[in-house]
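Here come two complexes built around chain A, the first alongside chain B, the second alongside chain C.
Coming up: the complex of A and B.
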C-alpha cells in the first residue's frame, strides 16, 4: 500500500516538475534578457536608446569607459512598425478575403485543394521565403524601383505572404463559427448569397477576424530571416517604398556575431524592446479573443446597426470579386514559389551528386550539404529528445493532475502561451547569453539544440494536451474503478491512446527544427564546415546553410538545391502531420460516438 | 461572363501602370556597403575622405559617427556584395581585391588600378594589412606556434599570390623557409577565427600545412570565420593558446600580438556594363558613399569640367 502511494507521489512529482520547469524556463528567459540588457539601458540611457536615431555601434565600447558609439534604435522601431503595417495591409487584406472565399464562395470540390494551399504556404520556412525574395522578387521590383528593389515594399510583400496563412486560417474558423441560422434568416428575408455574406456573416464574425489580424501582426513583428534578406538593412527610417531600412530583429541577427560588450548589451536590449511589442500585441489578442468568446456566449441577435468597417467593401459583388482574386493570388504565389525554386534547384540537385553525397573538402570550392544534413539530424534528435518528454509530461500534469482553472494551472498555461509568442530570434539571443558561456563560448550543436528545444515546448504541450482531451473519460474511470493507480492509468491507457497526438507533435517539431534558422545562427554555428563529430562541434542546419549560401552569392545553384531539399522535407512533414491529425480527429469523434451510445 | 471580363480588365490596367512606371524612372546610384564591424568596412571608412570628413569619424562628443548614406544597402558577406553589384546596373560597392571576379568591373582610384606595383609604391590609396593575431597573455600551444611559424615562412608566398594579395617588402628580406618538425606537435585543434576576407588564403595555407605532416586538415583545424571583430574577441578570450585570429584591418590592442601577413587592396566595383565611370578620386568616392552624388551622370559631368 505504501509502495503504491510512493509511486503515485513520485509520478505526480515528475509530471509536476516538468510543468514547473516549463514555467521556470519562461522566467529564465526574461531574467537573462533583462539581466544582460539592463546594464546597456543604464549605460546608454533608456531615452537615448529608444528614441535616438543614430545607430553606429563601436566594438571597443565597454561598460567602464565613456561610449564611443551611438546606440539609438528608433529608426528600427519605426522600420518594424512600418514593415508590420505593410504586411498587415497586404497579408491581412488578402488573408481576410481568402478566408471569405474559402468559407462562402469556394466550390465544394476545390475546398480541399485551397485548404492545402494555405497549409503549404504556412509550412514553408522563412529563410526560403527570404531566398525567394532575393532571387525572384527583388529583380522583378528593380524593374520599377530607383534602387535594387529592396526596401519597404519588398519587405511588406514577403511578410504579407508569410502572415497570410495565419490570418486566413483564423478568420476562416471565426467565419465558420457564425451560426447557420443567421444565414437562413437573411436568405429568408430575400438577401442574395453575397449580400448575406458581407452584410450579415462577416460583421457577426468581426471580433474573431480582428483577433486573426492581431495574431498576424505578432507573427510579422517577430519575423527575422526573410526580412533581413530583402530590407536592405541600413539603420535609417524607411523613407519611401524603395529605401533601405532595418527592423529590430534584423539588427540582432546581423550584429550578434561580433558584438563587443556594450554592443552586445544593446542588442539584447533590442530584443527586450521587441518582446515588449510582442507582448503588447499578445495582450491585445487576449482581450480581443475573450471578447469574441463573450459575444458568442451571449447568443444575442446580430447587433442592429452593423458598423461597416472601413476596409469592408460596400458592394457585395466587389467583395466577391476580391475574394476570388485573393484566393487566386494565394495559389499563384504558392505555384510561383514552388515552381521557381524547383525549376532552378532540381537540375543542380539531380546532376551534381557531390552536393548530397560529396565528401567535405577542407576549404575546397565544392559545396556539400552532407554535413548540414547530419548537423540538422543531430539537432532534431537532441532537441526533440529534450522537448518531447518535457512537453508531454507537462501536458499530462496540466490535463490529468490539476483542476481546470486553478491558479497554478492558469499561471503555467499562460507561461507556456507566452513562450509560444516569443519570436524565434529572441530564443537565439537567450541561447547566446545563456548557453554559449556554458560550453566555452563557441557555438556548438549542443547549445543550438538546447535553445531550440525551449522553442519547441509550447507546440508540444498544446498538441499533446489536445490529444489527451480526446481520450474518453470512460477509459480513465474504468481503469481507476478496476483498482489501477493514476500513474498506471496514465502510462498504460491514457498515453497510448493519445499516441497519435504525440506523434503529430513530434512531426510538427521536426518541421520547426528544420525550418527555423534565426535561433541556430549564433548558437550552433554559421559557417559551413565538416560533419560535426560530437555535440560540442559546431555545425550548420540546412536552413542556416541556405541563409549562408544565398547571402554569399558564390554558390547560387547550390542555394537553390538546398531550398529544394528544405521545401521537400518540410512539406512532406507537414503533409504527414496533417494525415496524423486527421486520423486523430476521426478517432476522437469515434470515441465521442462510443460514449454517447 | 461579366465576372471574367472584369478580372481581365483589372489585370490589363495593372500591366499598363507598371509599364508606364518602368519607362520613366531615372535610376539613382545604389550604394552597397559591408556591415559596421567588418574589417573591410572599417578600413574603407577610415581611408575614404573628401579632405575634411571621413566616412567614419570621431565627432564632437568623442563618438564614432558614420557618414555613409542612409540609403546604402548593407551586405554582410563579400559574395553577397558582389552579387548585388553584379545584378544592379547602378550599383557601386567595395570589397577585398582577392574576392573580385569577372562578374563586376573594377574602377581605378586616383588614376591607379589595384595591382602589385600600385599597391607597393602606395599610389593605390585603398589598401590595408592582413594581420595574424595571437594572444599575449599566455604562450601559444605547440601546434599553434608551429602553424604561425609556417605562416611567417617562405611557403606562405604561393598562397598569398593565389589569393590575390601581396607580400610587402618583397626582395628586401627573404622569408625563412619552412621545415616541418620531425612530428606534428601534439595537442588540441588549432582554432582559426576572424575575417571572412582571409578565408581563401588561410584555408589553402592550412590545407598545405596539414599536407606537410600528412594529416587530414579537419583533424587539425577548427574554422569559424565570421568577421575580424569575432577573431579579435576570440584571441582576447583565448584560454588555451590554440586560437589564431585573422584580421583584415590593422590591430592595436594590449592583449594581442599582431603579425603582418600581407597587403590587400580594397577594390571599388560597378556593374560590368556600367561605363559611366572608370576612374574616381577619393573625394568623388566620398561624395558617392555619403550620398552627395546621387547619379552616375553627375560624376561624368564633373570630370569633363575639371
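Coming up: the complex of A and C.
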C-alpha cells in the first residue's frame, strides 16, 4: 500500500510544483520590470519621463553620469491613446454590427461560413496585417495623403481590423445568452424581428457588449508589429491623420536591440507604463463583466431610464442594414487580404524553388526561407514542450487538487490571469533583460523559446481548466468509489476525457508561436541566413523574417512569398484543429447517438 | 505480477452517535444504526433528509465535499473507518453504485477491468475471468458478451447501470452501497436491477437509498426512515410497513407528506 501513498504524494508534489512555478514566473516578470525600470524612473524623474515630450535617447548615458539624452514618452502615450481610440471606432463598431448580423440576421446556411471568416481574421499573424498595410493600404492612402500614407488613419484601420474578431466573438456570445423568452414576449406583442432585436435583445446584452469593446481596447493597446509597420514611428504627437507618430509598444520593439544602460531602463519603464494602461483596462473589464453577471443573477436589475435606450442611434431598419454591411465588409477584407497576398506571393513561391530549399548566398540576390522554417519548427517544439506539460499540470492542480476558494489558489489563479493580459512585447522585454544575460548576452533560439513559452502558459492553463471542468464529476466519483487513487483517476479517466481541450490548447499555442514576432525579435535574433545548428544559435521565425524582408524593401517578392507561407500555415492549422476537435467530440458522443438510434 | 496485499473490511456496519455538518448545516443528527451482515437495508425518506449523506459516510465519499465535518463512530466489523485506515482499501471493500449511471468513456471490458487493474491484476486470463464473472453476476453477460470491446456509452441507461454494478462487483466488495440506483431507469430495467439485488444479497451486505417505497417493501430485509437529518425508525421491512411505531413513519408511508 505504501507504493500507492508514494505515488499519490509524488503526484501532488509534481502538479503543485508546476502551479507554483507558474506563480513564481509571474512574480519574476514583474520583479524584473520593477528592478530594471525603477533606476530609470529615478534617474530621469517620473514626471519628466511620463509628461516630457522629447524622446532623444543617448546610448552612452549611464546611471553614474549626467544625462545627455532626453527621455520623455508623452508623445507616445498620446499616440497610443489616439491609435486605440481610432481602432475602437473602426473595429468596435464593425465588430458590434457583425456580431448582431451573425446572431440575428445571418441565414442559417451561411452561419458556418461567416464564423470561419471571423476565425481566420483572428488567426492571421499581426506581421501579415502589417505587411498588408505596407503593401496595399499605404499605397492606396498615399493617393490622398501628403506623405506615403502612414500615420494615424492607417494605424487605426489596421488595428481596427485586428480587434474586430475579438469584439465580434465576445459580443456574439453576450447576445446569444439573452434568454429566448424575451424574444418570444416581444414577438407576441407584434414587434417585428428587427424591432425586437434592437429594442429588446441588444439592450439586454449591453453589459456583455461593453465588456467585449473593453477587451478589444486591451488588444489594441498591446499590439506591436502591425502598428510599427504603418505608423511611421517618429516620436512626435499624431498631429493629423497622415502624420508619422509612435506608440509605446513600438518604442520598445524599435530600440531594444541597441539600447545603452539608461536607455534600456527607459524602455523597460515604457513597458511599465504600457502595463499600467493594460491593467487599467483589465480592471474595467473585470468590473464590467462582474456587473453583467450580477445583472443576470439579480432578477430585479434596475435598467437605465428607457429614454436613453430609445436614443440608441439607429432605427431597426437602419440597424439591420448596417449589420449586413459590416458582415459584408469583414468578408471583403478577408478576401482582399488573402487574394492580394496570394496573387502577389504565389508566383514567386512556385517559380523559385530556391526560396524554400535553396542555399543562402552572401551578397547574392538569392534568399531562402529554409533557415527560418527550421528555426520556427525548433521554436514551436521547444516552447510547446515547456508550456504544454507545465500548463496542463498547473491546470490539473488548480482544478483537481485544491479547494475552490482557498487563498493560495485564488492567488495563483489571479497571477495566471494577470499573465494573460500582458502584451507580447513585454514578454520580449523580459526575455531580453532576464534570459539573454544567462546565455552570454547574445540571442538564441533557446532564449526566444523560453520567452514565448512563458507567454503561452496562461492560455494553456485556461483552456485545459475549462476542459477539465467539462468532465462530469460522476466519472471521478465512480473511479474513487472503486478505490482508485487520485493520480490514477486523473491519468486514466480525467485527462483522457479532457483531451479535446488540451489538443485545442496545443493548436492555439502553435498558432501563436508561428504568428508572434514581437517577443522573438530581440530574444531569438535576426539571423535569417544560416540554419541554426543548435538551440544556442540565433535564428528568425517566419514572422520575424517577414518583418525584416518587408522593412528592408529589397526583397519584396520574397516577403510576399513568406506571407503566403504564413497564411497557409495558419489556414491549415485552423482546418486541422477543427477536424480533430470535431472528431474527438464525435468520438465522445458516439455512444449517445448510438443509443438514440 | 502478484496482486498487492490489501486490508479487507468486513460485512456488518455499526454507527454510533454520528453527526455530520456541511458548513453550518447540521445534516445528520445523532444517528445510531446497525446493519447486519448479508442483509439488504433500504433507506427511505423525503429529499434532503440525509439518507444519501449517511450512505456516503460508509465509503467516505463525503471526504471530497468541502467544509464537511463528521463525528461519532462508524465501525465495519468493529474497525473504525474514520480512524487510521487506507481510504482506497475501504472503498475497494465498500462498493458504490450511483443514481446516474456513470460508465467510464472506454470499452465495456475496460470498464469492468478498471478496478482489478487498479489493484494490480495484470494477467489477461485472470482479468477475462473477473470480467465474465462480474458481468454474469450483474445479469448483463448475455446482452454484452459479443461486444465487450465496444464503448460502454453506447448501451441503454438500464444496461449502463448494470455495467456500473458489474464494475463495482469486479473488486469483490463485501458491502455494496446503492444511491437511488433505479431513479433514472424505466420500469423494466428497474425490475432487472431489483432481481439482481435479491441475488446479490446472498453474498453481500447491501444498503440502498430509494424514493420508491414499493421497491423498499419488495426487496429489503430492513428499512430505515429518515426525516430532516434524524433516524426516525429502523426495523424489519414487513413490520415497518405494516405497523410503524412512529406516527411520522406512518404518515410518510401512507403518502401524507414528503
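Basically, the second predicted complex is superposed on the first by the 559 of 597 C-alpha atoms of A that agree within 3 Å, B and C clash if a C-alpha of one lies under 4 Å from a C-alpha of the other, contacts with A are read in each partner's own complex, and residues count from 1 in each chain.
Throughout what follows, contacts are C-beta pairs under 8 Å (C-beta built on N, C-alpha and C of every residue); 3 or more make two chains touch, one makes a residue touch a chain.
Not measured: the values here are computed from a predicted model.
Colleague: Going by the contact rule stated at the top, is it chain B or chain C that touches a larger number of residues on chain A?
Modeller: B
Colleague: Identify the partner contact of A:493: answer first if only chain B is touched, second if only chain C is, both if each is, neither if none is.
Modeller: The second partner, chain C, only.
Colleague: First (chain B), second (chain C), both or neither: which does A:258 touch?
Modeller: A:258 contacts chain B only, not chain C.
Colleague: Give one of first, second, both or neither to describe whether A:554 is in contact with chain B, with chain C, with both, or with none.
Modeller: So A:554 only meets chain B here.
Colleague: Can A:222 be said to touch chain B (first), chain C (second), both, or neither?
Modeller: neither
Colleague: Now for A:458: first (chain B), second (chain C), both, or neither, which partner does it touch?
Modeller: A:458: touches no partner chain.
Colleague: Given the touch rule stated above, what does A:139 touch, chain B (first), chain C (second), both, or neither?
Modeller: first
Colleague: Check the residue A:56 against both partner chains and state whether it touches chain B (first), chain C (second), both, or neither.
Modeller: In the superposition, A:56 contacts chain B only.
Colleague: Tell me the contact category for A:404 with respect to chain B and chain C: first, second, both or neither.
Modeller: Second partner only, chain C.
Colleague: Which stretch or stretches of chain C touch chain A in the complex?
Modeller: 4-7, 59, 61, 64, 66, 86, 88-93, 95-96, 98, 100, 102-105, 114-115, 118-119, 151-156, 164, 167-168, 171
Colleague: Tell me, which parts of chain A touch chain C in their complex?
Modeller: Going through chain A, the ones touching chain C are 1, 3-4, 403-404, 472, 474-475, 477-485, 488, 492-493, 496-497, 588, 590-592, 594-595.
Colleague: Quick one: which bits of chain B touch chain A in the complex? Just the residue numbers, please.
Modeller: 3, 6-7, 10, 18, 21-22, 25-28, 30, 33, 35-37, 56, 58, 62-66, 68-84, 87-88, 90-91, 191, 199-200, 203-204, 206-207, 210, 216-218, 221-230, 232-234, 237
Colleague: What residues of chain A sit close enough to touch chain B in their complex?
Modeller: Touch list, chain A to chain B: 54, 56-59, 66-70, 139, 142-148, 150, 232-234, 236-237, 239, 243-244, 246, 254-255, 257-260, 321, 324-325, 360, 362-363, 441-443, 525-527, 529-530, 537-538, 548, 551-554, 556.
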